[in-house]
Structures are given as C-alpha cells and as structure tokens.
Amino acid sequence: MSSKTAVLKERIIKQVLTVFAFSSILFLFLIFAFILVEGLPLFYKAGVNSIIFGMKWAPTKGFFGIFPMIVSSFLVTFGALIIGAPLGLGCAVYLAEYAGKRQKMFLKPALELLAGIPSVVYGFLGVLYIVPFIRNFVGGSGFSLLATSIVLGVMILPTVISISYDALMSVPRSYREGALAMGSTKWQTTWRVVIPSGKSGILASCILGMGRAVGETMAVIMVAGNALKIPGSVLDPLRTLTSNIALELSYASGDHRMGLFSTGVVLLSIIMVLNYFANVVIRRKVIK
Amino acid sequence: MRVNPRFTDALVRHFLNLQAYFTVGLLVVIVFIIFIKGISNCSLSFMLTYPEDMGRHGGIFPAIMGTVFLAALSIVFATPLGLGTAIYLTEYTRESRLTTIIRFGVESLAGIPSIIYGLFGFIFFVIKLGMGWSLLSGALTMTIMILPTIIRTSEEAIKAVPRNLRIVSHSLGATKWETTVKVVLPSAAPGILTGIMLSIGRAVGETAAVIFTMGSSLRLPASLMDSGRTMAVHFYILAREGISMEKAYATALVLVVSILAINILAYYTMNRVIAKYS
Amino acid sequence: MNVKIRTEKLTVRFGNNEALKGVDLDVCKNSITGFMGPAGSGKSTLISLINRMIDFEDGVRIEGGLSIDGEDILGTSVDVVGLRRRVGTVFAVPLPLPRSIFENIAYGPRLKGINKKSDLDDIVEESLKKAVLWSEVCDRLHVSALKLSGGQQQRLCLARTLALRPEIILLDEPCSGLDPISTAKIEEALNELKKDYTIILVSNNTKQIARACDFAAFFYMGTLVEFDQTEKIFTNPRVKQTEDYIQGKFG
C-alpha cells in the first residue's frame, strides 16, 4: 500500500470512529427530543398544574393528573431504600472489610448474579410469595406499597453493593493500618475511619439505587396493585409513573398516549436529577 | 455500662456475615424455587415445540428463537458502535471537552430506565419510522440500551493493555489502526467479550423496552419486519394474564438458567483477564 | 566518509526543559555509532527523533534539522509509518508482543503486505540467524515469545527489527537488563550486521561502547560534548569532561 492511501485510510477510519463516538450523544438527544415532543404539548393544553398536581387520571375523559403516581414513585423508592440500603451496605462492608479472599471469590460473583435476574422474575415471585404472605399475615390485599418496597429493595441490592464496595475498596490501606495500629478493633476502624472516608461513594450508591427503583417497571406492575390514588398506608395498593406508562401504552392513542409521554417526561426529569446528584457526590470525592 | 469493644466487634462481624449470606441466600432461594417449580414442565420438547392456545399448552420454541434473534441483532449493531466509541475515546483522542460530552452521553444513557427506552423505541422506530412492532424496532431499541455497557467494559479492557505494546507496534511501522486491530484489541478481547456477554444477558432478560417495540406475536419471526416474542415477554404474559402457571415457571426456568449461564461465563472471562495482567 | 544521518543545530524542549541543545552530528553508513552519557543527557530523545517515536510525547518543541540520506525527516509531510519501516528500534527492556516467536518476527513483514508462508519462513529464519538466536529457538517457533528468557527476548526483538529489512537500527540501552553472555551475543550480532546497516547503540556502559562501536558520541545535559572515532575518544579525548566520564568519575 502506498503511503498516500495509507494516510487517507487512517483519516477515514478516524472520522468513522468519531461518528461512532457521537452516536451516544445522538441517541440521548433523540430520546429526549421524542419524549419531550410527544409529552410537552399536553402540559400546554391541560396545564402544568392539572397534570403534576392533578389527583385524577382519566385520560379518555380529559383528566391527566399524575400527582398520586409521583407520590407513589417516591414512596416505593424510599421504601426500597429503607429495605435495600442497610442490607446492601452491610454486604458491601462485609465484602470489603471482613471477607477472606476465598470467601470473596464466591460471594462477589454470587451477589452480582442478583443483577442478572430479570425484573419479571422478581415480580412473579413477589406475586406468588410476598403478596400472599402480606395478605395472610399482615393484612390488606397484599398488593401494596409494602410488597413493592420489598421487591424493589431486593432489586436495588446489586447496585448498592457494587458501588459502595468500590467506594470502600478505594479507601487507602494506610488509613486502616493506622487505626489498627492505634489499637482499634476491626469494627472501630471500619466505623470511624473506613466508612467516613468512603461515604460519598456510599451515598452515590444509594442515589443510583433510587434511580434503579424509580425506573423499575415490570416487577412493580405485578405487585403494586396499580390503584389510582395515594396510598394511605403501607398496605394500600398504588401505581407508579413507570407502571402507568407500561399498563396503558399498548392501547392508548391521541391525548391519552400524550398523557403517557407526559408521564415519561416527569419520570425522565426525576431520573436526570438523581443522576446529577450521584455525579455531584462522586465528583466531590474525586476533587477532594 | 460500657460494652466491651471486642464483644461489639465479634457481634458486628457475625451480623454482617449474616447479611451477606442472607443476600446470597435470596439468590439461591429464587433460583431454587424457579428450578423446583419449573423442572417438571421443562423438557427438550418444551423448548423445541410451538405453543398452542396462547401458550397454555405446547412449548416456547418461537420465544426462544425470538430471544436469540433479538440478542444477536442488538449485539451485531451495538458492538461496532460501542467498540468504535471505546477505541475512539482511548486511542484516537485525548481527554477534552469533547470526550467529557461523549462520556456524559454514555453515562446518561446508562441511567435511563428501560420503560423510557420502551417509550422512545415505540414512538421513534415503531411509529415515526414506520417499522411497526418488529424484530428490527426491538433490536434497535435494545442496541441503544446496551451501548453504554459495551462502551464501558471495552474502554476498561482497552485501557488495561500496556502502553508499551502500542509503542512496539508503532516502532515496527504499524499505523494507529493496524496497532489497534493487531495488538490492542486481541489483548483486550476477553474484557470486550465480557461486556458483550453481559449485554446479551440484559437483552435476554429485558421486558419493558422489548414488549412495546418488538410486540408480542407468538409466531416465529420470519423477517426483520415481523413482530415476535422473547422468553421474558412470553413469561410476563403467561404470568400476568394467568394463562398457565406451570408454563410460566418452565419458561422462567429456561430464562433464568440461560441468563445465569451467560453471566457466569462473563464473570470467568473477566477473571481470566485480571489474572493475565496482575 | 559516507553520511547516513545528519543533525543540524538540533534542539528539543519538553516544556521548559531542554533535552537537546543544538546538536550537530553525522552518523556514518555501515558503522556502529555509540551514544554514551549520564542518564538524562538526551540520548533517548535523539533516538526518538530519528524514528519519530517522539510524536507520541506531549508538549515537544523541535528546532534545527535532522535528515536521513539528505532528506529531512522532521517535517509534517514526512511519511512517518514508512520512516519507521526504514528505521528499526530495539528498546531498553525486551518488549515481545504477546504472540508466538514466529508471529513476533512476521509482524513487520506482514504489515508491509508479505503474507506468503514461504516468504515469511525465509525472513524469520534469516532474521533469527542474524540475531544469533536461530539455534536456540528453531524447533519451537510457535511457542509464545513470553516464554523466552530475557536475553533471548531481547535478541528476538533485534530479529523482529531486522525482519523489517531496515536501513538503520537504533538500540537504546539494549543490554541494560541482560547478563554478560546475552550481552556478548548481541554485540556479536551487531558486529556482523554493520556490513549492511547503519547502527546506533546507546549504552551507559563505556566498555561496551569501546568494544562494539566504530564511532562514539558523548552527551552531557543535552549537549554533544565530543564525537569522534572510538579509538580517539577512548585514548585521546579532546575534552576533559569526556575523559572524566570514561574514567568513571561521574555519571
């Protein structure tokens, strides 16, 4: 090959790769553009307040209130956090600080496999085991905030574990050795030195876990009961933003479909805010 | 009363240990239930025959093929794009505002929930581009969804290749592209493969993004423009519409076993790389 | 005297750090020229200009001229990839590619488009023989190159360079990590090779320069202090600094 064609070939390759690299930005743009274009007009037509703070969702009759769903999405997210975060952090601390090498080689992949189980399977087992359990031993129909929180709590475990584990592992060894040398027990060292040093990563893991929970759909549809009001107790059924979209998208048309995209706009905004916070928290650590 | 710190230490250790094993226990229980309840209805003929009566009887052959087609197509689309992006970021440019923007795009895509991908794929591919509920719509949606995974894992694998190998290759008169293809990518291959396998796992297990783009036809898709059903979607419909719990469990078994197998394979491929460089 | 490489007032800066200061040097065809001098004196920098590997460094500023056979090689329009096929390099640490012995050596020729098995066989054998490695590896060419000893790996790197059929071979402290026997073998190979190639050997072992080189250049803090036939440099240096260095008083 002559050198001129070789140079030309290199240049073309670089250009192609540049285009490839920009595809992610392009896709992100397209996703935002299409969801906004479909979802925003209704905010003008029906009014921002009557959508975001509206209590009634009857899209075929012109009611597009999704306030109960927004509240429900937040409720299940916090419920998931209450159940999943302590367990996940405990696992991460155990893995990072206590587990021996061989134990880790077994535990780490096993915990990561939890992330591979499809959401529908979580939802299915939730319906067949958790919902009846709540119905029989706690009360209500079983399809409830409680059931959803439990299922989501398990589903966010892999996110919480892996990110906070990384955060703990990035705490320098010397910190631990210093504390241990002063006569602290393992737990005193972990609690007073390691966890405070890794706290921004731990916080980020919880925020990203919330992102996971607020975005989860199929499992939630199956166990939440999908009722259109703000739950009065943990035993009441509820409908999240995600389930609202998934339940009705296949048959909606016209304004109804637009209402689902408006729901998507709200969901996307919540997700972007959570991602932004996770990023800020992580970056703050890097700068320090 | 002051508690003895050694006593606390031992207590905490046991408590954390319990948490870790409890969590692993969850995985074991999930797999165990699916296995026990699914195995009696799961046979080779279940996997190789067509469903009858909405799936109440018969097997899941079209759903298995639908899953394979969807996963294969998305990988075929996403790998060149993702690998190309990773190569661009690591080999062809320096950290700059531009790469920050690209990375922002990748991170944001990774954080978007699957139902949003479903919404987008539905309005963009199915409706606006007129592809309808089809294998192609589903695969293109999945492509975007798995792109961040492929980019991140490939980038990490490529970054782990020692710089000296590149220097040697250049000193022997290789161009940047020749160096990338002949030296960098072969060394990074296991890591890249891990990313691809994790992505396959995601495509196999996904429901929300697939059901609104690929549809849920029970027929075996004969072309890219045909609708089809993946195992995950089939399982969801069986369970949600209460068509057949036996068939649902059996489908879940096939689904979960395939995903676990893919993920375990991915994990061991990754470990081989780590062992190689440390 | 037949000049192969010529530098004219060659100055290189990394940021504010002057790595080479106005170097004027003529390297002769079919000879071995030794570069010596304490660490940081600019030897590697000069090497990386000749093969343009300096392109991979950031913030470099170059002034002055550098030519091979009278042709400038520093300009932006120079075919760098072609240049690197004419100028082979052996680095301080042996850097085999993670593939077989055979494929390591065939790497360069394949890039040039030589793909016929019989041609490659010939090139591999010839290169290994010239690098004094053939007898040790001829029965296991398809074993991973990483399995060879350090000394063998370095000779493999020399063979790999020879397989490019270059005009110039640059060796940047190739023996720094090797045992005396491997070092002797490399010197033996170089002595044979100078008939056909122009060789530059960087070494901070002055004895090696004295043994192996026809010409010797002494660098100190980016300046070419003295350059002459090896014999003259070692028996009757013009500059006091050179004498001190050779006698091991510093560096």
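Read from first to last, the chains carry the letters A, B and C; within each, the first residue is number 1.
Operating definition for what follows: a residue touches a chain if its C-beta (ideal position, glycine included) is under 8 Å from a C-beta of that chain, and two chains touch if they have at least 3 such contacts.
Everything numeric here is computed off the predicted structure, so don't read it as measured data.
Novice: Counting only chain pairs that touch, give me the topology of the graph as line, ring, star, complete or other.
Specialist: Its topology is that of a complete graph.
Novice: Report which of B-C and A-C is connected by more C-beta pairs in contact.
Specialist: B-C
Novice: With chain centres defined as C-alpha means, what is the inter-centre distance between chain A and chain B in Å?
Specialist: Chain A and chain B have C-alpha centres separated by 17 Å.
Novice: Using mean CA coordinates as chain centres, what's the chain B-chain C distance in Å?
Specialist: Computed value for the inter-centroid distance: 49 Å.
Novice: Taking each chain's centre as the mean position of its Cα atoms, how many Å separate chain A from chain C?
Specialist: 56
Novice: Among the residues of chain A, which are close enough to touch at least two other chains?
Specialist: If we look for residues of chain A contacting two or more partner chains, we find 6.
Novice: Where in chain B do residues touch at least two different other chains?
Specialist: Residues 175.
Novice: Among the residues of chain C, pick out those that touch two or more other chains and give their numbers.
Specialist: 81-82
Novice: Quick one: in the complex, what on chain B touches chain C?
Specialist: 164-165, 167-175, 178, 182-183, 186-187
Novice: Which residues of chain B touch chain A once you look at their complex with the stated criterion?
Specialist: 5-6, 8-9, 12-13, 15-17, 19-20, 22-24, 26-27, 30, 33-34, 80-81, 84-85, 87-89, 92, 101-102, 104-109, 111-120, 122-124, 128, 144, 147-148, 151, 175-177, 201, 204-208, 211-212, 232, 235-236, 239-240, 248, 252, 255-256, 259-260, 262-264, 267
Novice: State the interface residues of chain C toward chain B in the complex, per the touch definition above.
Specialist: Its residues touching chain B are 51, 53, 56, 81-82, 84-85, 88-89, 91, 93, 95, 97-99, 107-108, 111-112, 160-161, 164.
Novice: In their complex, what parts of chain A are in touch with chain B?
Specialist: On the chain A side, the touching residues are 6, 9-10, 13-14, 16-18, 20-25, 27-28, 30-31, 34-35, 38, 87-88, 90-91, 93-95, 98-99, 107, 109-114, 116-125, 127, 129, 154, 157, 161, 185-188, 208, 211-212, 214-218, 221-222, 242, 245-246, 249-250, 260-261, 264, 267-268, 271-272, 274-275, 279.
Novice: Hey, which residues of chain A end up touching chain C in the complex?
Specialist: Against chain C, the touching part of chain A is residues 1, 3, 6-7.
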